[in-house]
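A, B, C and D are the chain letters, set down in written order, and residue numbers restart from 1 in every chain.
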Amino acid sequence: MTHSKYRIELHVPSVLGFEKVAMDAASAVARQMGFEPTRVDDLRTAVAEACLNAMEHGNQFAQDSEVNVLMICEDDRLDVNVLDEGRGGTAPRITEPLTVDNPPLGTHGNMGMFLITQLMDEVEVTRLPEGSLVRMTIYLKHALASLAKIGLQ
Amino acid sequence: MTHSKYRIELHVPSVLGFEKVAMDAASAVARQMGFEPTRVDDLRTAVAEACLNAMEHGNQFAQDSEVNVLMICEDDRLDVNVLDEGRGGTAPRITEPLTVDNPPLGTHGNMGMFLITQLMDEVEVTRLPEGSLVRMTIYLKHALASLAKIGLQ
Amino acid sequence: MSNELQTNLRHLENASIVDLLGDVTATSDAILTTAYTAATDSGKLIVLNFKEASYINSAGIAIILSLLNRARTNGRRVVLTSLSSHYQKIFHMVGLDQFATIYESEQAALSAAV
Amino acid sequence: MSNELQTNLRHLENASIVDLLGDVTATSDAILTTAYTAATDSGKLIVLNFKEASYINSAGIAIILSLLNRARTNGRRVVLTSLSSHYQKIFHMVGLDQFATIYESEQAALSAAV
């Protein structure tokens, strides 16, 4: 299968639980492209976390707001773009996760963005006029991914 | 969970295999709403068949064409709308499936639309200016579904 | 495509078993025909084993119908095993189970059908 | 929500086992705290069993972190078992395995930890 430039677009409401729709859609796309199960699992977690952030921080769980997930299949990689409506005052930022020594008070442990960057081959955060865009890329060949990570590709 | 009017929208290319993305997204939505596994399986098959028809008959597998899957979660039911671009000369029609006595020559056994109507609680086919719309509904409570089927709801 | 059908042929004493591994869809025609032809050589009962076939669509069912028709023409007996309860229901809906017995497991097929 | 967490508490001779059934997410806080409190009554080792937890997100991990912190304050020992290899990797990435040992299975946890 040549994947070049297949485009899958998904919109989900900003309601906890609907990130699973994005997870399952993204993993179906990745399996279709031939990604291995462990990479599909990595993608599932990254997509879930990006969608949860978009729902909460980006859309403030506003009732009429949506999270837009745009997936592009290329020959060598899958790009997943998660776009929110930028309703909060913050932008996605990558910080060190909290630990047992310094535990989170509620359910925020700074782990979402951290995990995304750990699990994906490339992550790009852009602040667009309409909202925040988190672009996550995984490569079909790990070798290419490593080159990309150190900037040689 | 009150489901009233959650809206999930998905666009997939007209390429065999991508119906699985719609299947997986639809089943994630249905599970989220609390549908039982057997009903989720019914929905998976119906959504796959509607998307395959949209890709082939509706979009003629045209390279730039898309299948649009719009899901609406209501308190009592899930509506899945599958819309194509109406590029073919035909419209969705429900016929008796072919049998071993009169087997299909290729891969068309008139089974897609037949299965959809068997598996879903309600099916409505509409010819819109932009293409064919197949709307499939399943109810959370089977009792309601049966009433709806005989037109009492 | 990711989960393209593969087949595995096992010759037992009284039956030839065709394991279907992957998706049974429009693109499965050639591989299913090849597997059927190889299985039919033995002259024994042919068991189509769907244990590892998790996605079967209408095009796949159409191919199986044609295959059952060919088997009947050639006087070959074909039975099906290990379909999930969902696909048992689907095969029943389209009337396919009128032309080929569906067994719960390979073991059941072998003891009942041989 | 469909797969809201449920817990099941089992008191064994040397350990109290908390089975986590369902999703471990932002909405799991109250039920996890209740289960932890009930388990801690016994004074024994507490085993959090993730065998039936197929979806754990960052909010769920944050809740587990807080729970481990509380356990440390109370002088209670907590270990984790039966995480999928994916979630073992995730728990390692966020450093959670530095504060609670992760065992492959309940059996392994009981024989090693008691």
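Here is the rule we go by: a residue touches a chain if its C-beta (ideal position, glycine included) is under 8 Å from a C-beta of that chain, and two chains touch if they have at least 3 such contacts.
No experiment lies behind these values; they were computed from the predicted model shown.
Touching chain C and chain D together: A, B.
Centre to centre, using the average C-alpha position, chain B and chain C are separated by 26 Å. Chain D has its Cα centroid 40 Å from the Cα centroid of chain B.
Multi-chain contact residues of chain B (touching two or more other chains) are listed as 1, 17, 20, 31-32.
Among the residues of chain C, those in touch with two or more other chains are 1-2.
Interchain contacts give a graph that is no line, ring or star and is not complete, per the touch definition above. Screening every pair of chains for touch gives A-B, A-C, A-D, B-C, B-D.
By the touch criterion given at the top, residues 1-2, 25-27, 29, 55, 57-63, 65-66, 68-69, 72, 84-86, 90, 93-96, 98-99 of chain D touch chain A in their complex. Those residues of chain A that touch chain C in the complex are listed here as 1, 31-34. Per the touch definition, chain A reaches chain D in the complex via residues 16-17, 19-20, 38, 41-42, 45, 48-49, 52, 97-101, 103-109, 111-112, 114-115, 118-119. The residues of chain A lying in touch with chain B in their complex are 1, 6-13, 15, 17-18, 20-21, 23-25, 27-29, 31-32, 66. Interface residues of chain D facing chain B in the complex, by the touch rule stated above, are 1-3.
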